[in-house]
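What follows is a group of structures, each given as structure tokens.
Both complexes shown next keep chain A, but they swap its partner, so chain B is in the first and chain C is in the second.
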Partner chain A sequence: MHSLYAFLTGSMVWVSVLLFLGGSVYSLVSRAVMARKMDKMVYSYFSLHYALRSIFHWVIPYAARNWRLHPLFTFVTFTFHICLIWTPLVLFAHVGLFYEAWGFSWWFIPDLAGDVCAGLVLACCLFFLGRRLFLRDVRYLSTASDYVMLALVAAPYLTGMWAHRQWPGHETALLLHVFSGELLLALIPFTKLGHMLFFLFTRGYIGSEFGAVRHARDW
Partner chain B sequence: MTDEIGAPRGHIKDVGIETGAARLTPEIIRKTALRMLHEEAGARLRTYLDICVRCGLCSNACHYYNSMGGDPTYSPAGKVKETLSVIMAKNGRVDVEFMKKACEIAFTECNLCRRCAMYCPLGIDTATMMLFVRRLCHKLGMVPQYIQDTAHSHSATMNQMWVKEDEWIDSLQWQENEAREEVPDLRIPLEKEGADVFYSVIGPEPKFRAQLIYQAAVIFHKAGVNWTMPATPGWDNSDMCMYTGDMEMMSRLKKLHFETALRLRAKRIVMGECGHAFRSVYDMGNRALGWRYPPVPVIHAIDFFHEILTQGKIKVAQKYEKPVTIHDPCNIVRGRGLHEKLREAVGMLCETVIEMEPNREHNYCCAAGGGVINCGPPFKMKRVLGARVKGDQLMEVHKKGGVTCIAPCHNCHGGLEDILHHYKIPMDLKFLGDIIYQCMEK
Partner chain C sequence: MRGQTFLMRLLAGAALTALIFSASAWSQEDVENVRDSVFTETMRPAAVFPHDAHNAKAGIGDCAVCHHVVENGRPVEGETSEDRECSECHHGGKGWPMDVVRAYHQRCRGCHVERKAGPVTCAGCHPRR
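So, the complex of A and B:
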């Protein structure tokens, strides 16, 4: 088990980071090249001003009308995305690993706050699962891969809490935590999780079209 | 043609779709789809499909979804799921029945109104994907008969309504004669070079709404506008080819339109009160021709009316007394942000305005746009049922005392007429030009 742990926290970290970074660069660059060939208007009409105007309105909770029409969803999705991204970056256990490996660290949150954030991510995942199961339109739209994605996203947070809280089987949970985290990171560029990479461009482009060409708001 | 008004989806028989489908085989579909996927499915389309997380936030953006009791197959993402997602996932290996259904969805259940693009947090433009499906249907020779007939008219006559060249000139002279009884020195200047305004209209105006040309002539005359209309093809700014997916023909139409304005060395094109034509000239046709923006400045009638009203070139003799509401046409609101100018113009002309909610960029489409009304009688009832939320909005206005709905778009007029009739809402419909003509000092 120790050698497996060493493998997962050693080579596999690099593999997952390289897959994430390499895959992200490949996805973005290949789409940019494809757009240059087949969607020339993207370059013609893309406007930094209007792209940022649009993005700004969509990253502020309740700034867009559709956020206001879905107040609970908006609260949950912002909580989810903030906790999902920031918790692993500022978790004491993760910062500590960096310190041990490379001798530097940064601001971190207390363990309890980490557990709360992980718990929030899991609660949000349950909310999203509930939407997929019980909302007629979302249930219809959902495919098997959407449920798998949800499980993949929840896994590192569930196993992380499990390991940290030293619940029975925590040693296995720790291995699963590291593995699922790495898997999640590596899959971002190759799955629907890629919306994390492309959001700025798709929202930015439609914002440019609405702002620069159509002189209309898009939020 | 079997006219099964009110029939559920998939049971409406349209001769254009049926005849086209009868010539298809899965192999033809696959070859055509593969070629299109290879040549035309670019980064935007693929990224939209890749990143849609199927959250359902676009559902309530769609008037069809809202009007059809929350049937998820009418949600924007649902329509993509039923059509393009499958075509892409299966690399075009779909059967004829699938394509018939995809054709019906893309042509008659999406107005390409782009409201869902506004409501998607990721900015996914479903209209682009529905247009892709329509273009595939066009390439397969499977398009609803009525709109295809219109596209044929465009190809043969360069106008939407099979209007012959001499009939066009006759119609203008007829309207000039009529108008001169009211304003003796009025002219409808034809082929005048160097005019400030090249006025273009859609095919239905000379065909059956000729009074709009009369009214425009009176307004231009009284405002002292230096204007002209062409006596040659190129006068029609409308474009159903844009909506059938015949982008080559769309380009020919726009090229002729721009070249006619350039031949007459007009300073700018002013377009009549039509939404889709404006989209075609201002937004889509110019792109297809390689112009980032139109080669001649293009403004919609609302913009122009606002200009001459605020500059005092038209004086209001008496304001319109009946309470009015304003219908925001998608293509000049989400398509050009003219909602405030429209309201300022209406405010100068009318005593009382009762707003529909939601309005401006968040308006609901009349369900006629995007070529849907042009798909004709077989799909009429589905269109009217798909606009129930617009009917609800109008009914609310009626209950608050609203009498007149101002809708500065031809397609909207067609759609709203059907909505008012079906939902038994006793309101009348006007173009902004109708109101100006009625209220101005002549």
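So, the complex of A and C:
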């Protein structure tokens, strides 16, 4: 227990952060090199103005037509992403750990709000699971890895709530919480979670092509 | 007159009882939780810490292990600080209790990890009642 705790909160933190940062740089650079070799048009047509215009419309709920066509899905996906990213950053327990390690801290939310946000992430995961299972076209496109990714994303939030609410087995849940969080961070550059890094470029390129070439909107 | 004497005796008895109880309430045998006056609004239940039982089990005889005195970044040999609150030095400013929280966490958890004994998780020290 003590050795595992020390390992997970010590060396493993650095391993996961380095995998995330190193993997992100590697993935972005290797894709940039691949695009230069295989599709030079990406560079010729890329326009910062049209890229930002497109990204701007797609990161605002209901600002893109496709968001308005699927109002429930839009609501769920924005709730999911906002809670997913912000909850771990503004949770008192996490901010406190940062302060203990680095001597700086920032604003945090009440614990109850943290529980609600983690609960929302889990509810959204269930929604996404249901979507994959019951919507025919989505099920057709789903592979085993999609289900595994969904479980991996849910894991730190479920175990985090478990440890915080002190449900039976919470000591093990805390270790699983730390491990699943580190695993998730390390996997970002190497899996579909990479859209966190790549969406700026994929959306940016689509925006560039639509804006500069077709003179049309892509939102 | 007789009634007055009885009242005086009763008051004196009550005062004595209060004195005994208040004295024992502040003695170290009764310390069951970590406390500090800066913890006005707590985020977690107070950390469970039966002072004497803990130190007997952990074999800590030197008070300065926790109640240390530090000057110019160095521990002062032979001096202890049981008469002071931790937050007097570990204060952070503006009543911000994070410094004293950090001091406790590093002291308690650090020792537990090092000795591979005692709780290390959040709930281990801050159980919900």
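Here is the rule we go by: the second predicted complex is superposed on the first by the 219 of 219 C-alpha atoms of A that agree within 3 Å, B and C clash if a C-alpha of one lies under 4 Å from a C-alpha of the other, contacts with A are read in each partner's own complex, and residues count from 1 in each chain.
Please note the rule applied: a contact is a pair of C-beta atoms (placed from the backbone, for glycine too) under 8 Å apart; a residue touches a chain by one contact, two chains touch by 3 or more.
No experiment lies behind these values; they were computed from the predicted model shown.
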Next item on the list: With the two complexes overlaid on their shared chain, look at chain A and say whether chain B and chain C clash or fit.
Entry: fit
Next item on the list: Spot which of chain B and chain C makes contact with more residues of chain A, would you?
Entry: B
Check: Taking the superposition as given, does A:137 touch the first partner, chain B, the second, chain C, both, or neither?
Finding: first
Check: In the superposed arrangement, which partner chain does A:112 touch: chain B (first), chain C (second), both, or neither?
Finding: neither
Margin query: Looking at A:48, would you say it contacts chain B, chain C, both, or neither? Reply first, second, both or neither.
Written below: neither
Notebook entry, point to check: Which of the two partners, first being chain B and second being chain C, lies in contact with A:2: first, second, both, or neither?
Noted result: second
Check: Thinking of the overlay built on chain A, is A:199 touched by chain B (first), by chain C (second), by both, or by neither?
Finding: first
Check: Taking C-alpha centres, what angle do chain B and chain C open up at chain A, rounded to the nearest 10 degrees?
Finding: 170
Notebook entry, point to check: In the superposed arrangement, does A:72 touch chain B (first), chain C (second), both or neither?
Noted result: neither
Margin query: Rounded to whole Å, what minimum CA distance do you find between chain B and chain C in the overlaid structures?
Written below: 36
Notebook entry, point to check: Which chain A residues contact chain B in one complex and chain C in the other?
Noted result: none
Note to self: Applying the document's contact rule, which stretches of chain C touch chain A when the two form their complex?
What the structure shows: 43, 98, 101-102, 105-106, 112-113, 116-117, 120-124, 127-128
Checklist line | Contacting residues of chain B [partner chain A, same complex] | finding: 40-44, 46-48, 50-57, 59-61, 65, 70, 72-73, 75, 77-78, 81, 117-119, 121-125, 283, 287, 292, 333-337, 358, 361-362
Note to self: Considering only the defined contacts, which chain A positions touch chain C in the complex?
What the structure shows: 1-3, 5-6, 92-93, 96, 99-100, 105, 111, 163-164, 166, 170-171, 174-175
Note to self: Under the definition above, what is the set of chain A residues touching chain B in their complex?
What the structure shows: 31-32, 34-35, 37-39, 41-42, 44-45, 54, 58, 64-66, 69-70, 73, 131, 135-143, 146, 192, 194-195, 198-199, 201-207, 210, 213-219
